[in-house]
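Heads up, the next two complexes both have chain A, just with different partners, chain B and then chain C.
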Partner chain A sequence: MKKTIIIFALLLIGTTVFSQKMITRNGKITFEASIPSFEEIKATNSTVSCILDEATGDFAALVLIKSFKFKAPLMEEHFNENYMESNLFPKATFKGKILNFDAKKLSTASTTYELEGDLTIHGITKKIKTKINLILTGGKLNTTANFDIKPQDYGIEIPSLVKDKIAKNIDTRINFNLETQ
Partner chain B sequence: MKKLKRIIIAITILLLIGLSTYYYIMHAGARDLSAEESAYTVTAKDITIEFNTNIDDSNKKYLEKPIAITGIVTALTPTQITIDKTVICNLKNPQTNIEIDQLISLKGRVIGYDDLMEEVKIDQCIIIKKSL
Partner chain C sequence: MKIQKILSCFVLLFSIQTITAQDDLLGQLDVKSTKKEATPYTFKALQICNLQSTKLPAKGEFYMLITHRFGDLTEGINNFFGLDNANTKIGGIYGLTDWLSIGVSRHTFQKNYETAFKYRFAKQMENGFPVTIAGYNTFDINTELDKTNYPSLKFSNRLAYSAQLLISRKVTQSLSLELATIYTHKNLYDNTTEYADLALLGYGARYKLTKRLSLNLEYDMRLNAIDGYMTNKFQNPMTAGLDIETGGHVFQLVFSNSQAMNDVSLFTNATGKFNKGIYFGFNMYRVF
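Right after this comes the complex of A and B.
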């Protein structure tokens, strides 16, 4: 009987200590594929979900393609229907890890880590590695990263007619404010 | 003098055509959800269960469709209402006169299921009805 109580107590401590999760539902992703002197191609999504496990550095994010907002509605329509096929592939996800993450070392000064994992866009998964900057202020963890995405890596075809007007490397920026739940 | 007049008229016409084309490209094609009939009328609980049981089928059924959805407000920001904890509705116009625990009906476009948070997301929401 004592043993089970101890085990239960340990389990309880275990879950509280080891599963501190920081989350957001309003993360921001912006990408830009503009080419100088052509139309600006830029979209923002500010309803990105993200979960960071403070104990392990596990990092997961999910974004719904349809909630990317462009300046021009027609561009948004083309993005959804012709390029991302968002009816077939409604989401893009990332599942990975912040390498050597140590929650105790977080501070108001920016610390940089490597983020590695699987990025799934348009139904195709690719391994990516990028730098991620973390700043902890007032219980909020500001997480930013900046990396390039090549549409062809994810089977996104760009018609030759507009090929010169869309950048080959799409500049992608993430900005999440994670909070402990 | 006559020539100058003609040139001015031609330039004005060209300018007008150019401007309207630009306007069309930049602004046309926006969807007006309020003018569309709801494809389905559901409760927040039911649609969450549906997405939870089978994401692919539910995606086929609901994605991009305008739906009418009913539930209790469980969280609130000026631009976003959460109903029954599992349906996130992004509002078309910011609202201030809504309260937690209110029974509410909204119309919006289904944009997908967030299986990380286990939430259904709807945008361009307008309020159809709310309890007092």
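Right after this comes the complex of A and C.
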């Protein structure tokens, strides 16, 4: 019996000691919703926070909507005020897991995993699944993924007047360089 | 027994830890921002209707401006509900910095050329400074006057000025208010109907009806225009309008008792009364 206790205790300590976390606070997310021959709709956010638990593959990210920068200030204003309503929903979050993640297998060659979890935008949460590429160089874990977001899934209303000028599927690219905490 | 209890405690602890691990991850990312933010989107357009709002173009932003005021709507079919005798203003506004912009425009009324500067002193902050304060100055050159009719005309006679201090506050998410103190000066004026110098107090409001539609109202009180002192030709300017917002445009529909759009004439030469002299028109801004 005593042995079991010790094992459990060790396990408990183990999770706290060995759960190495990798983190960034200046990750990049770029999205583009342009339609050819219309005005470019593209924005980049370079202050995305992201954290990865190397032991479990748990993966979380947090985006401040107001930090998306557009070329045209008016477009940025419309994006915040009328589309994302960023005063009501200031953040978008992702909470999920890299499936079958194994920190030991990371190398300078790109490895692809499945990333699955809950994406919350505009106050609405949806399950998403996408491929994620991981490259470990010089202690930094470069994480990239590319997926589509449909505004209507997240209750983001697009008025009929501009419907033809905004892509139905918004091409979203993430690029994080995670470092050991 | 004791051992079992301790064991179950550990198991419980362990499972709780696993359950909350993900929330913890997100929690670790969340940092409360201590930075104070300016209150955004007090007004959608650079003007409430006729009166300037406290909004400025961002640095490097160029606004192209086309505005119309049709003729008197109440004349009916006689002028085809104002379609005859329309006034046009065409111009551009450029943001030199985030707090200073310059605008140049040409008006049908008196063939006026108007140069305008808008500059911001202070911004309303979330849980901070309560109001946005901006200044606005216009310089008009009247090019309609000519030497044939006015043989001793000097260049200075063509000039008119306005100086305005605009104070606005976004009260709720849908309601924004503005108070303006306005001073106008005309070098040349008709001393039977006009004042050389006029001080006004302006009130403006914007109420958002939907995300992309707002109702705007404004009224300017001429403080030193005393009833009966002069022929009662001109009125206090009053305007109601709607902001309609599309992608890169802001479109404003306007009903006003002033047909002129340059600030000096707008404040001093509004002719319409309640039942006579309503001018319909629109402001259209295209942003580059």
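Worth a mention:
The definition used in the following text is that the second predicted complex is superposed on the first by the 165 of 181 C-alpha atoms of A that agree within 3 Å, B and C clash if a C-alpha of one lies under 4 Å from a C-alpha of the other, contacts with A are read in each partner's own complex, and residues count from 1 in each chain.
Methods note: contacts are C-beta pairs under 8 Å (C-beta built on N, C-alpha and C of every residue); 3 or more make two chains touch, one makes a residue touch a chain.
The model shown is predicted, which means the values in this text are computed figures rather than measured ones.
In the superposition on chain A, A:Val162 makes contact with chain C only, while chain B stays out of contact range. One of chain B and chain C touches more residues of chain A, and that partner is C.
Look at A:Pro73: by the touch rule set out above, it reaches both chain B and chain C.
Of the two partner chains placed by the overlay, only chain B lies in contact with A:Thr47; chain C stays clear of it. By the touch criterion defined above, A:Ala60 reaches both chain B and chain C.
After overlaying the two complexes on the shared chain, residue contacts for A:Lys129 are found with neither chain B nor chain C. Of the two partner chains placed by superposition, chain B and chain C are both touched by A:Asn87. Taken together, the two structures place residues 23, 49-51, 60-62, 72-74, 77, 87, 93 of chain A in contact with chain B in one case and with chain C in the other.
Contact residues on chain B toward chain A in their complex (touch as defined above): 25-31, 59, 63-64, 88, 90, 109, 111-117, 119, 121, 123. Within the complex, the chain A residues that touch chain B are 23, 25, 47, 49-51, 60-62, 64-67, 71-74, 77, 86-87, 90-91, 93.
For chain A in complex with chain C, the touching residues are 1-2, 4-5, 8-9, 11-12, 15, 21, 23, 39, 49-51, 53, 56, 58-62, 72-75, 77-78, 80-82, 87, 93, 95, 157, 159, 161-162, 165. Residue ranges of chain C in contact with chain A, taken from their complex: 3, 6-7, 10-11, 13-14, 17, 21-23, 25-26, 28-31, 40-41, 57-58, 61, 173, 211-212, 245-248, 287.
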